[in-house]
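Below are two complexes that have subunit A in common, paired first with subunit B and then with subunit C.
The block that comes next holds the complex of A and B.
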């Protein structure tokens, strides 16, 4: 029997080298709240585990020119404790706060949430709606891609061998912007989204919506960016008619499966219901000057 | 219930007296600190040097003939010390015995713990290995080659009853049907319970309501997975530490399936992390013993959560048809129930236990109950807290609600009109003694809960429940220690309900010493005579009877010692307030002797003092309860939120009221979970899709509101303290109460369980066009 190898590099270069050189199966470990469960359930049997929590770039939260950057391994609780970040990105935090329990969030990272590539991951629709990008490093260097381009299907990502996500960047949004995320689960906590909706919108001085982005979780093989739903809001005052159109567009975009967590019809219907509810919260935040 | 009470049973009449300890809430709960600090030892915490880890290979098919098993490659893997299959166990003939509240057949017990000719469900054990590490054991499982011939399977109870359904057992002919059927069937048995003339009863009805209900299988959901450690010695003795509600029953089952003398098997129950009926059967224990025998090393086995769900007993999924006839003023003239129960892969659902409960809250002259015990490709069901009764109440209590609405009678009033009371003839045989059903309804009528205002989409429901209290064999020893403290050795298992505290209270009350001076200690099977398992709400009710008997026995011994010291006759000594005293001034002028003084001198004056009880307890007091619940329904998502919950139940006498309330709380939470989200989900191949707490949704703390409780005390006349069983009654009403509350909130009757958001939303959508058309 071969034993599992564990490494905890302290620099990005070392991490990339370890990942690139590995012969057998390798798993990146951030908070481990997905990885450990998967090991226990015999879903993965890594030969090498590369713990990325000791790397500076992966654990920092900082304001930069033009936006906020936070490391992919920053835990949910660290984000929750960061007052300015929370005030600036309430929509993203709606998603982060929903991940598991306090204990789970004490370890769980946004990087892990994104790279685990579950279509139901709670922080992902909120990040996408907020226009977040990810910085990725690998044997061939650095690249920057929108968050929606990371997951390609359940458990599948566009990351190449040896690559890892270093950080996420949230670009400043114009005044009059607001974002929100909500999910529907049968239980109040410790559950997996049957549908999740993230919406960011921007209002002009006239109260008319000038820009919007709508992302739906758990209704397809990956988080969907629904242009038609955003279009239903743009150019309106986010009134009843606009919300009806938004709900219809959100429902129409769903291509869910029937499974133990919900029927197709149910997910389609609730996607519309939630889109409406989330848009109203985003609207209120936009009007209140919050983003 | 189910089992006949012994005519030679022990009952001690109720005596009203001033109580010092019983009925109080001692702050020093004996198990609290160890549990809170993580020091309590559960079965998985027990390790011995040299132990191997055992793992089970389980069927990936719902139904398959096992053509061959090749273990040779696994045996060759380094670190593997034993590999076993059904060939390592003797086959068993048909032989029935009681296991908890349910009856088992050893032919099926041996086939449940290790498949023989066929694998009958997803997760059915087919082989097991013991190795020097868990990873080696797991690797060895992958090397075992099983040649399966996959067979058509059947999961649903109604489908399994069809004449063309795939048969699990070609030799099974329905019992209880005249004339005896010629074709085999998945219906193992039909059971009937009758009273009066059902046809006549329905003729006299002004209104008859008949409804069909379907419920899914639900698991007990105990937090602690099954775990066992076994040592088989060269001398041919087996020792087992395990997670169980009844170590004597486990010993009995092990001795049978392993063909060992009972005296050669010793079972020690570890601290229990929940059982709720699911830990009365052997699963890992016999495998661990044989792996230990074959390897010569101790073997430890712990189930994963996945294994617990797939292969330990849930409760039955059911199909139930309830028909009730009433007069215009709400008197029930006839009531009928058809109960189709999944028993899992072998016969033996909870029907014999729950059929007596169907209508036993009401005084009804004409009753017919028909139960069908149906096998299907699922794990063999196990008892689950009031086994089978919550689903029946789901039917009966929602039909009662519908009738009340139709007749414009208040739902509490219609229950009072028909309420069972002392002298009511039950449909299962006996007449009821003094009970507190009416008292719980009267208390509900004036409860503040009913004054709480309801907003739109909020509704209120009520439902009631009944469950009997089991007695059975109960043994205990009370050792009076040299310092005057007492050690009470009990043979039931404290199933985390606080029995050890209640026993200590009873002993303290009887001996007249402080609660802190009594320590109740769990026995293993070698320290006491046979005890029946902790099931049927008997833990405190029956166990305390043994505590009373043993205490009084010890008091007799202590009075003898005092008599010898004083050189008087034993009947000239009385026991009062923890002291032996002269019975009267005529006896002589003696200073009272304390328990400590007597204990210290007892050795010389005749020997150590102990009291014993080896009894079969009878006269268990039936329990009744009424639940009030408020819910809010989200019309757009179908989500049901429980807003307010009140439980009113007759406990006879609450020994430790906080623990009694905890029983009410726990059962209601399980009931809420079962009502709203818990269900076994199978795919088209008969594979369970949600064997984990992520998708098998037990409620989390934030799903449950504050639960108000009110304890009613109508003493059981056959118990010295008036105690009734309390643990099972409160899981019976929640399904029905929630269904009734949903109706009150949004006007839909939920008859399909669970009342999960997709189902509620679908029902709302279905009702919407109809409502619009009106």
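The block that comes next holds the complex of A and C.
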């Protein structure tokens, strides 16, 4: 391997300057659980590695007015150890907890999961369903976008040269809200999703669903937000008929590939089955007063 | 090639080393510091044979760069026994014959210790999930689980 430069800036300004000035290929390093594998397998050969873990905006978890904010480089284990965050966002944590082994989660960040842009990334459907936004900084300043606008295809993002994700913001959801994420894999641990489903929903006082968001992973080139699936729940008590409609809409939205983990037909079928299960967990959490 | 000068604490000792950006912490431990307990089974985070703790957090040392160790506290299998006195987990691994070739053992011991620090009284299922990042191609896991459960009981003083 040729010589690689390593920098670990301590401020956002320095990080952006390094990313913007760099001539050769540059790789942002958070937990490195994708980056180091890609280097090991000679998939990438960066001239410069910019480690973002020494920047405080990227490593903080804090409650703000209107919601929770956590740094893009916060590790899975740090989120799992944060009791209040886990209680507030069990659906998001369903996704985070599925990222690899304990060892992997000791390093892996949500920012890396989102920016690596795998269609099967486990935290992404959960975040999207929860309405998360991302704060991005770059040479032209700051911008805030919904998480679903980051990945554009496998390994591809909408981030421009010199940009990085600083943090994610989860807006408080109304009382009576609940969220969940599940994936289907042949093995219970350490596997890649064949299908992943994230659902958040809100119930009114009358038990009728007033809002919902459904996100599907691993069934297209990026995570899909399926409005028809959400519409199947809104205005119902999330009863059998609504769940059937949800499953049908989820299956209909899939445009998966065939691969060693599953055929197209299989993924389409599983997406519906899983959507139904995830909706029931979200419903239970909404009824229990959890988000 | 320019090398980075890194200072870290390994098993309680202050250590200085030089490394290139491309070297992983596992490369540094094994090749530069002669701490060959951590093994390279895969180099891609899948097998856990390279498990160490970094500031108390269980990680795969093959997924950490040597340069990232600056100022950190690292614990490896070499620091697990207290002189000649084996750690209860080590003793129980021997008693229960929880190893055959031994490649996975250092990583499993470090992971098991980390698991029991967080959860001193785990169920068998919790042990199996907690050690899912450590692959063993020889034993079939049964004796490993027994050894960890038994060590947990002893360490709780039960």
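Here, the second predicted complex is superposed on the first by the 289 of 291 C-alpha atoms of A that agree within 3 Å, B and C clash if a C-alpha of one lies under 4 Å from a C-alpha of the other, contacts with A are read in each partner's own complex, and residues count from 1 in each chain.
One rule holds for everything that comes next: contacts are C-beta pairs under 8 Å (C-beta built on N, C-alpha and C of every residue); 3 or more make two chains touch, one makes a residue touch a chain.
Predicted model only: the values in this text are computed from it and were never measured.
Novice: Quick one: is A:5 in contact with subunit B, with subunit C, with both, or with neither? Answer first, second, both or neither.
Specialist: second
Novice: By the touch definition at the top of the document, which applies to A:228: first (subunit B), second (subunit C), both, or neither?
Specialist: neither
Novice: Could you look at A:33 and tell me whether it touches subunit B, subunit C, both or neither (first, second, both, neither)?
Specialist: second
Novice: Output check: A:149 vs subunit B and subunit C. Expected answer is one of first, second, both, neither. What do you get?
Specialist: neither
Novice: A:57 contacts which: subunit B (first), subunit C (second), both, neither?
Specialist: Neither partner.
Novice: Applying the document's definition of touching, compare subunit B and subunit C: which contacts more of subunit A?
Specialist: C
Novice: After superposition on the shared chain, which partner residues are touched by A:260: those of subunit B (first), subunit C (second), both, or neither?
Specialist: A:260 sits against subunit B, while subunit C stays out of touch.
Novice: For A:41, select first, second, both or neither according to whether it touches subunit B, subunit C, the two together, or no partner.
Specialist: In the superposition, A:41 contacts both subunit B and subunit C.
Novice: With the two structures laid over each other on chain A, which partner does A:186 touch: subunit B (first), subunit C (second), both, or neither?
Specialist: So A:186 only meets subunit B here.
Novice: What residues on subunit A does subunit C touch that subunit B touches too?
Specialist: 1, 40-41, 188-190
Novice: Give every residue of subunit B touching subunit A within the complex, in rising order.
Specialist: 79, 133, 135-136, 138-139, 304, 306, 636-639, 676-677, 681, 689-690, 694-695, 697, 699-700, 702-703, 756-758, 761-762
Novice: Would you pull the subunit A residues touching subunit C in the complex into a rising list?
Specialist: Its residues touching subunit C are 1, 3-6, 8, 29, 31-33, 36-37, 39-41, 49, 51, 53, 75, 77, 100-104, 106-107, 188-190.
Novice: Touching subunit B in the complex: which residues of subunit A?
Specialist: Going through subunit A, the ones touching subunit B are 1, 40-42, 184, 186-192, 194, 259-263, 265-266, 269-270, 273.
Novice: Show me the residue ranges of subunit C that touch subunit A in the complex, using the header's touch definition.
Specialist: Contacts found on subunit C: 1-2, 4, 20-22, 24, 43-46, 48, 51, 54, 57-60, 62-65, 67-68, 70, 111, 114-115, 129-130, 132-134.
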